[in-house]
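Take a look at these structures.
Each of the two complexes below includes subunit A, the first together with subunit B, the second together with subunit C.
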Partner chain A sequence: MAADFTRQIREKAKELLEGGTVECVIGYETGTDGVSARPAFVYDAADVDRLVFDNTCTHNLVKYLLNRKGKSTAVVVKGCDSRALNLLLSEKQIQRDQVYAIGVVCPGVVEWGWNRRSDRTQDRCGWCRQHTPVVSDFLVGEPVTEEPPAGYSDIAEMSAKTSEERAAFWKEQAERCIRCYACRQACPGCYCIDCFVELLEPEWVGIRIAPEENWMWNTVRAFHLGGRCIACNECERVCPVNLPLSLLNRRLEQEVVDLFDYRAGMSEDAPAPLITFKKDESLGIGE
Partner chain B sequence: MSADNSPLVIGFLCNWCSYAGADMAGTSRQSYPTNIRIIRVPCSGRVDPLLIVKCFEEGADAVLVAGCHPGDCHYNEGNYYGRRRFALLRALLDFMGIERERFRTEWVSASEGKRFAGIITEFTDQMTKLGPRKAS
Partner chain C sequence: MTKVLGRKELESWLGKVMQERALVAPRRVDDLTLFRPVKSMDEIAFDYQNTNISPKEFFFPKTDTLFTAEHKDGDIELVPGVVEQETVIFGVRPCDARGIAMLDSPYLDDPADAIWAQHRARTTIIGLACTQPGPQCFCSSMGSGPDDPAGVDVMLTQVGDDYAVEAVTEKGELILQSAELREADVSPSVPPCDANVPAEGIADAVRKAFDNEYWSRLADRCIHCNVCAYVCPTCYCFDIRDRTDQGKIERLRTWESCQSKGFTRIAGGHDPRAQKGPRLRQRFCHKLLYFPQQFGPVACVGCGRCVVSCPVNIDIREIISDIQKLGAEGG
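And now, the complex of A and B:
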């Protein structure tokens, strides 16, 4: 299957570059270890044979579209990545007519392994109910129909603990955070030119790497993705100290579904829940 | 938590309704606990979640956001946006170990001085019972 996907992507990329539809195709190529995929930028039709697709293609390539504003680009998207495309379209960060989406019905991706292919599928693929891209101009693979997401057992487990235990848990995580901001850099939804964490006036988060500052960073990072997180889980994957960031993201996702009946990135038109309102809604506050 | 072990409550009051309501509480000689530190903001919709998270980071025991009643916002819709934001933020803070009760949103109009005093008294009592924040 992987070989067939690779062939279809290469053919499409060649056609797009030769026909001048796009200037660049963003896809995956085999990395220096000969196994794991890495992002590839192909500008020349002669180079399309670099492109591959297999179950190590974990990166969310939509992030790179933010660096190519105003330039015609094709991008390979899995199901989750395609939701990021909708997110950026709805937030007017990219133009639909400048993006050509090569959708791939995702087989699920595996954990990263150096020099060897891991056989462990990533956790996010277990939760995922969007293996088929929600938006694509060309689809590789057969679309599958899926049930809406079920509940998360680890979130329920966490919610069942006392506040004290939860506070202790997150304090421990904050102590481990080194604030490298890899989570932010990998996230397609984090594109502010001036991130609050780097502002000096006001200085929301101090420069020192202290647990309380790290706590603030992780809390607000999660909240800024509230109703916007498209569940690609790249933030958690790239975290060098393995913080369980997806717990926060998925808790917010749940709450957004409960309060606003909204799932991010499912359509290009639906506004994120926090930039709109209903006059007569009851959200359980101020009542 | 202040030196005498009583809870520290930070209150963000909107200029047009709740701040005037607090003023009304004063001019009508209502008494309420001094645990609340009031910060005057133009609108409850101006209260960035960053401000609230920052309060908790810096050690506040509780945060109150008070604004005009829905439908009465001076800017027509500021408190509607705020309402959504605070509802979501409260769920996140709860998940991170800050009890739901510690972050409260109330609608207080300029004429509700007595009600404002009542809210602060009740909120402070509740926070005293709950005790200081744990593990932070």
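And now, the complex of A and C:
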């Protein structure tokens, strides 16, 4: 499978670069450990043989399109990544005619780490109900029938705890955070020109790298992604101190599904609930 | 004859150290190993390759108070930050100890940084030689080695079930007074770290390759988080901001990195390093060119943490090799 996917991606990349359809193809290549994939930017058709696709291709490459606004770009997207394309299209951050999506029907990716050589499929791939990209211009692999969404057992477990227990758990996590902002930098939904955490006027979050401020940072970031997170889980993957950030993201995702029956990034034009005003809408809150 | 400590004697010595000073040691925190204050032996992870984050935070804390200002008798009093706690860090790898010693140059050169100086004066470093270099390790290429005692106060090297003990500094001798050392006929040795990163003459190559398009292409992949800088034992940049809370004013210093957007933004909004390429280049120019120019050594000790932790595999070993090739071609 991997070899065939790699061949198809290389052929398509060659065609797009030679024909001048795009200036750059963003895909994956093998990293310095000789095992795990890393993002690759190919500008020249002669270099397409650098490109690979296998079950270590975990990165969501859609984030990089935000650095290439106004430049024609092809990007390799798995199912989850393709939802980020829709998110950025619906939020008018990228233009459809400048992006060529090479979709890959994703068989699931393994736990990623430099020289890690893992065979264990990531947890998020078990929850995933979008193996086939929701948007693509060329599809690698055969579309699969997706199962209906399943619940999250770890979220249920967490919700069953008392608020004191949850607070204690998150306090411990916040203690570990070093505020490197890798979560934000990897997230396709985090593209504010000035992130609230770095604003000085007003100063929403203090500068200290300490539990209170760290917690404020992680909580507000999670809320900014409520109804926008597309479940690529990049934030959790890149965290150098392994904070379980997806617990927050999936809890908020559930909330939005329950209230609005909405999942971010499933289509380019579905109105996003948290930025859509309906005069007669009532959530039954505070009445 | 070599002075040695058995595992039991090592533990009883650390136990005594702990009673008089704060003991910091590698500790498992979920699936990470981090330097943390420990209160008992079973909290210490003796079996570890290296910690996920360097021990620099015990000299250059993530957050530190430089001074506080308070209203007192109608006046304003400035109270400088004071480090009183005597601390012993156990299990520091030679690469990390060398990194800390290296930062004495920027922090203790005139004018000396008072906080760094106090941490250095009050902290004793017990080094532990590496018996198994990791796949990411390249200390030997950077002028050190898995049992290099430079930068530690006491060097321990595991020999069978025992630890060979070397007092490297006076501070080391002092802390060893409470240890039950015995003599043994052993000669400590560890396997070499044989990674081969071509660091010789790298400063010159970086200078030649300064304007090369290489940096922009490399920066395509970089997501400009601060992971590399924060896990690094030799990255020492910071931010300073004042914090006010109910009339109390604190001047805080926290970790910061050249990869942050706005790190070089100046009044009026101009940012001389707004582009991705120059921003990423700065990290490597500082380590491989500016630091050696100013202080002598290349500011990388080969611990390999950035190699492991980078979410997109920006690999300093690969970059050094690439830049040497570009330099040889004239940049």
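Assume the second predicted complex is superposed on the first by the 280 of 287 C-alpha atoms of A that agree within 3 Å, B and C clash if a C-alpha of one lies under 4 Å from a C-alpha of the other, contacts with A are read in each partner's own complex, and residues count from 1 in each chain.
Assume a residue touches a chain if its C-beta (ideal position, glycine included) is under 8 Å from a C-beta of that chain, and two chains touch if they have at least 3 such contacts.
The structure displayed is predicted, hence computed values, not measured ones.
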{"item": "First (subunit B), second (subunit C), both or neither touched by A:Gln95", "value": "neither"}
{"item": "Touching partner for A:Ser267 - first (subunit B), second (subunit C), both, neither", "value": "neither"}
{"item": "Partner chain in contact with A:Glu212 - subunit B first, subunit C second, else both or neither", "value": "first"}
{"item": "Contacts of A:Pro39 with subunit B and subunit C, given as first, second, both or neither", "value": "second"}
{"item": "Which of subunit B and subunit C A:Asn115 touches, first, second, both or neither", "value": "second"}
{"item": "Overlap of the subunit B and subunit C footprints on subunit A, listed as residue numbers", "value": "none"}
{"item": "Subunit A-facing residues of subunit C, complex", "value": "29-32, 34, 52-53, 62-63, 135-136, 217, 220-221, 223-227, 229-231, 239, 241, 243, 252, 254-255, 257, 260-262, 276, 307-313, 315, 317-318"}
{"item": "Partner subunit A, residues of subunit B touching it in the complex", "value": "49-50, 53-54, 57, 70-71, 77, 80-81, 83-99, 104-107, 133-136"}
{"item": "Subunit B partner contacts - residues on subunit A that touch it in the complex", "value": "158-159, 163-171, 196, 204, 212-213, 215-216, 219-220, 222-223, 226-227, 247-248, 251-252, 255-256, 259-260, 273-275, 277-279, 281, 283-286"}
{"item": "Interfacial residue positions of subunit A with respect to subunit C in the complex", "value": "31-33, 36, 38-41, 59, 63-64, 67, 113-115, 176, 178-182, 184-186, 198, 206-210, 234, 237-238, 240-242"}
